[in-house]
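Structures are listed in the sections that come next.
The same chain A turns up in both complexes below, where it pairs with chain B and then with chain C.
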Partner chain A sequence: MSGLTLTFRGDAGTIVDMSSLLPDRLAGQTAEDIAGLPLPCGGGVTTVGEMFELSTGDAAEAMLIRPGEAVLHRIGAGMASGRILVEGDVGSHAGAGMSGGLLRITGNAGDALGGALPGLPLGMRGGLISVGGSAGDRVAERMRRGIVLVDGMVGVYAAGFMIAGTLAAGGGCGPHPGFGMRRGTLLMGRRQDAVPDGFADGGTRDWLFLHLLRRGLEGTGSWFERAGTTRAHRFIGDLAEGGHGEILAMV
Partner chain B sequence: MLTKLAGGRLFDPANGRHGEVADLWLRDDRVTANPGPGATPDSVYDVTGKVVMAGAIDIHSHIAGGKVNLARMLMGEEHDRHRFTGSACGCGGGSGIATPSTHTTGARYIEMGFTAAFEPAMLGSNARHAHLEMSDIPYIDTGGYLVLGNDDFLLDLIATNAGQAAVNDYVAWMLTATQSLAVKVVNPGGINAFKFNARKLDLDEAGPHYGVTPRTVLTVLARAVYELGLPHPLHVHGCNLGIPGNVATTLDTIQAASGLPMHMTHIQFHSYDTAGDRKFSSGAAALAEAVNRTPTLSVDIGQVMFGQTVTASADTMAQRHTAPLAHPRKWLAMDIECEAGCGVVPFRYRDKSYVNALQWAIGLELFLLLDDPWRVFLTTDHPNGAPFTFYPELIRLLMDRDYRLAKLAEIHPDAPAHTTLGSITREYTLAEIAIMTRAAPARILGLADRGHLAPGASADVTVYSDLADRRAMFERPDLVFKSGKLVVRDGALVAMAQGSTHVVRPGFDELIERRIARYFDERIGLAIKHFRIQDAEIRHGAGPQLHPCKRREVP
Partner chain C sequence: MAEMRINGVRIEDTFAEAFPMTYTRLVITADTPAWVDAATSSLTGFATSVIGCGCEAAVERLLTPEETPDSRPGAAVMIFGMSSGDLAKLVVNRVGQCIMTSPGSACYAGLLQGAKRIPLGNGLRYFGDGHQISKKFGDRRFWRLPVMDGEFVCEDSVAVAKGIGGGNFLILAASHRQCLAAAEAAVAAIRPLPGIILPFPGGVVRSGSKVGSKYKALIASTNTRFCPTLRAVEPETLLSPDVEAVLELVLDGTDEAAIRTGMRAGIAAAAAGGPAAGVLAITAGNYGGKLGPHHFHLHEVMA
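Take a look at the complex of A and B:
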């Protein structure tokens, strides 16, 4: 790969804010330039070179991040284009406010994956996030466009206040899925027996839309590609917000 | 520890000094008299030609408590974008501009030479939180004004004609229990009426549930404050805030005090008239005239300055009214059960907006038309009109007419025609600034040892270079001492210091406590003993600084 590789080399448990390390922002810069950039870290500021070992390569091609034992928050937050691959786990707000590009995380993600940054009224606005493990609470909160794929479980308030877009959680959701949802789709790879709060039962059937979605996601390697069926139980809501959103639980 | 500030020009209006050259001596945390030729000071600062004033006092700045914290959360992006690392002196840094974190609040104030700022809207149920936050604000003295006037207990006392004595006891009990310095009333009766679906309540309109008019609430509270002998008169945030034509209500409110002392706060927001095509104009001239001839009245302005800020108020009625104008588009409102409410609306004042430009001009007009600097205070109603960090710019606008006219030429072209600002020639003098920001606030709050430089006063001292650019001068003092300790040198923090919390404790008849205890059990669901704030909870155990009250009879 001719992209840029960042391998964490600091102490285990170090908290780092990665929001400044975006492919479009680092494009065309040499490894030396990038190593000298300031990096908020553990309540203070250090440099990228201090915390990461950098390979030579252009971030415009792709960025590979190896977090090691660090807690990397806000990876890809605000990303507009490019590709980031993370080999390992990430902290909170990965891909928050993202408007384009691809973010692939092989491990687990923390809270607010594809969600909104503090104080901002909108979450993710475009692009694709795919997570191999599980994710925390408030995934895809206030999302407006784009797709978030999580192979494992997601926590509480999944797709909360979602305006539009798609969240597909293979392992299902914690309590209060789709809270305040206006439009959009929350797809679950599991049965959902109880009707979620604020939703109405829409019956079970084969959804043509899911065929299209599956075709669109070919090559991402996500759980949904492997799911054998397109039959799902549909719930409509959140009724308090007009009820144009849907939760689809695969059966 | 003896410190000498040699050769400065003292601006100490409380003691009749207006720029006289004299040495100032500080012993430990107090100003002291010249100890005579034999004394050897531990440190001497040559401040020849420089301006020496007491530390400034902000009498109205929302720096702690429930709504401030809600505003911080609502304005999360501001804390993301503006982070400050800690300084070498031990201040922990922080974040935020319009809703600064506690350490940032203290640091920004002391860097401008302010050594005290008072939280003007502390709800009883949020008082413990507010005190914990105030304990965490370094460098400056603080205190809270207790918000009454929409609480069910008081409205019930008034509606059932329980009598002034019962009201006085209740007010005194609440002040003591919540460790407050003064009483504030916010939209008297209006916040309560809002809960019963009223969206407007005029001064003489009976509230929908208790049938009590705002005028009655005002007079009853003003009388309670007077009779209990609190140093600070009733702090009034009137009815109809921000509504064109509200200057008439404000003039009526002055009448409602019927001779009792009253402090009317952020009057800029209460000085709007309805002349002109846009039905929005300045009512400043009429209001200034009324204030000028009412010596029992004091005011602060609540100046609007252009830029992004956030408005946070207990006045749910006014906040719901402005919510559609929120920028960025988000807001919150909250009910505080039996006490009041809370609304937070982000706002960006723009100089090219007719309304905002006029608000800016009205505030300045008021400053300049009010004759007596002892009765008018420098505030932006932080953060409602602007963050307090705009004070140096505001001082320059007041002291420099050419600068003011230049700024007036930049605002919305239709606005100047609806104010008299362009024709006002007055420029504030340094002595008047010293009165307005030091001597007068200390006097109106009853802080006997603050705001002046006589022997015995707290050694809170600010030294400025006398620059022609008054903004630069007041933005960056050369030296700031807090309680005798040098904490700022050339605008930068060099040492850590802690202020104290000021409170009053008028006595009350113990009988009222039984009645309040029953109310707490039945309506609030909290035992009265948990509501009461102990001295040990103030300033990490240091306890509050008490100020005496002198009971009086209404003549």
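Take a look at the complex of A and C:
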């Protein structure tokens, strides 16, 4: 991956707000320019250069972030275009409010992945988030459009209040999936024996549109790309919100 | 210009006159090739001539599962009309009545890039009566409409582009059987080529027309100059006494190069057997250059 590389060099456990480091904002800037940018960190403000070792390269091409032992919140939050690859784990609100581009995380993600930033009414509005590990609670909350892929498990209230879009969790979900869901798809890579609260059993069949999703995800290496079936059990809901959303549990 | 012969078959020094059209391409899939055929036969039915049918349509080529968006057997269909507005009405009607109704079918855009787009699923989604679902993967939006065998998946819209309609050539032969055999050989040579369709039945026209008629209500009537049965009474006949039958191939294509390639392949195949196979001459239909700006001179095409 060519482009700009940021390798964390601060103390382990340092909490950093990464929402200002987006490919479209950093495009065309030199490593020196970027190193001088302010960066919210551990309750104060420091500079990017203090926390990260920067390579030469244009963020417009791509951004590679190596978090090390840091806790990096809000990576890719609000991103509109470009590509961010994170080699490791990320904190909360990764890709929150994202409207375009690709955010790929090889490790685990915290809460509110692809969700809404505090105080904002909408979650992710476009683009693709791919997580190689697991993710925390409230993934894809209030999501409007786009795709969130998590190879492992996601926590409670997955796709909560989802408006549209697709969350695909290979390892399944914690309690209350699709709570308040209006439209959209929560796809799970494992069986769901009990009907989720607020949902109706829609039966099992092969879903043609999942072929389209799979074609669209070619090259991501995600669990769904590897899944050999498009057969899934459908649950329709949240009935309290009109019942136009769906949970699809692969069988 | 010097006389041209291919395998002894005379190539007349004339030209085919073609005109601008607007086209789109759809990708139709189904569970099996047989159901692809059922869906596309219906979709392209009654679509031979824009004059009487509103559009001209045919299967461009069959697609393998690896070539289709949903990994099932499919076919690329090209539909030509006189304007994007005409196509918008015709295509959504045909897809709604012929593809959505066909078991297991799905409909995708086969032309993705273009300044103008016409609706597909976007015009049909209300059939879902509120239960339709929109999914956007990448730059492409699809509609899922609940139907009795599951879901009809249809792309939101498809691009349209400028194409050419009315490329043609005529085969003059010593017998009807030999004329048909030559026409079939030409169709077989043209059908594998990309960017071309032959919208008439089996790819062949037997009722070529001329502009106008003795009857005021008709804008076109039988092309008396190429009717063997009228040779004795038609002063302007273009048939020599040894011609018993004439068949025409009409080609619609994406551009001049596609039409030219198709005409060349078709004429070469039709003339392959030479006079021994009963093929006496190849000519083309034109209206004196007044109908369309695209002129395909046979000697240039076959040079």
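In the analysis below, the second predicted complex is superposed on the first by the 250 of 251 C-alpha atoms of A that agree within 3 Å, B and C clash if a C-alpha of one lies under 4 Å from a C-alpha of the other, contacts with A are read in each partner's own complex, and residues count from 1 in each chain.
Everything below uses one rule, namely that contacts are C-beta pairs under 8 Å (C-beta built on N, C-alpha and C of every residue); 3 or more make two chains touch, one makes a residue touch a chain.
Keep in mind that what you see is a predicted model, and the values were worked out from it rather than measured.
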Query raised in the report: Superposed on chain A, are chain B and chain C clashing or fitting side by side?
Result: fit
Query raised in the report: Per the overlay, which chain contacts more chain A residues, chain B or chain C?
Result: C
Query raised in the report: Now for A:G44: first (chain B), second (chain C), both, or neither, which partner does it touch?
Result: first
**Report entry** Touching partner for A:P118 - first (chain B), second (chain C), both, neither
**Finding:** first
Query raised in the report: Taking the superposition as given, does A:T166 touch the first partner, chain B, the second, chain C, both, or neither?
Result: second
Requested in this report: Check the residue A:G216 against both partner chains and state whether it touches chain B (first), chain C (second), both, or neither.
Outcome: second
**Report entry** Included angle at chain A between vectors to chain C and chain B, based on C-alpha centres and rounded to the nearest 10 degrees
**Finding:** 120
**Report entry** Three-chain overlay, closest Cα atoms of chain B and chain C, distance in Å
**Finding:** 25
**Report entry** chain B and chain C contact sites that coincide on chain A, given as residue numbers
**Finding:** none
Query raised in the report: Mind pulling up the chain A residues that touch chain B in the complex?
Result: 40, 44-45, 117-121
Query raised in the report: Within the complex, which stretch of chain B touches chain A?
Result: 73-80, 83, 85, 328-330
Query raised in the report: Considering the complex alone, what residue numbers of chain C touch chain A?
Result: 69-72, 106, 130-131, 133-138, 140, 142, 144, 150-151, 153
Query raised in the report: In the complex of these two chains, what residues of chain A are touching chain C?
Result: 145, 147, 164, 166, 183, 185, 205-209, 211-213, 215-216, 244, 246
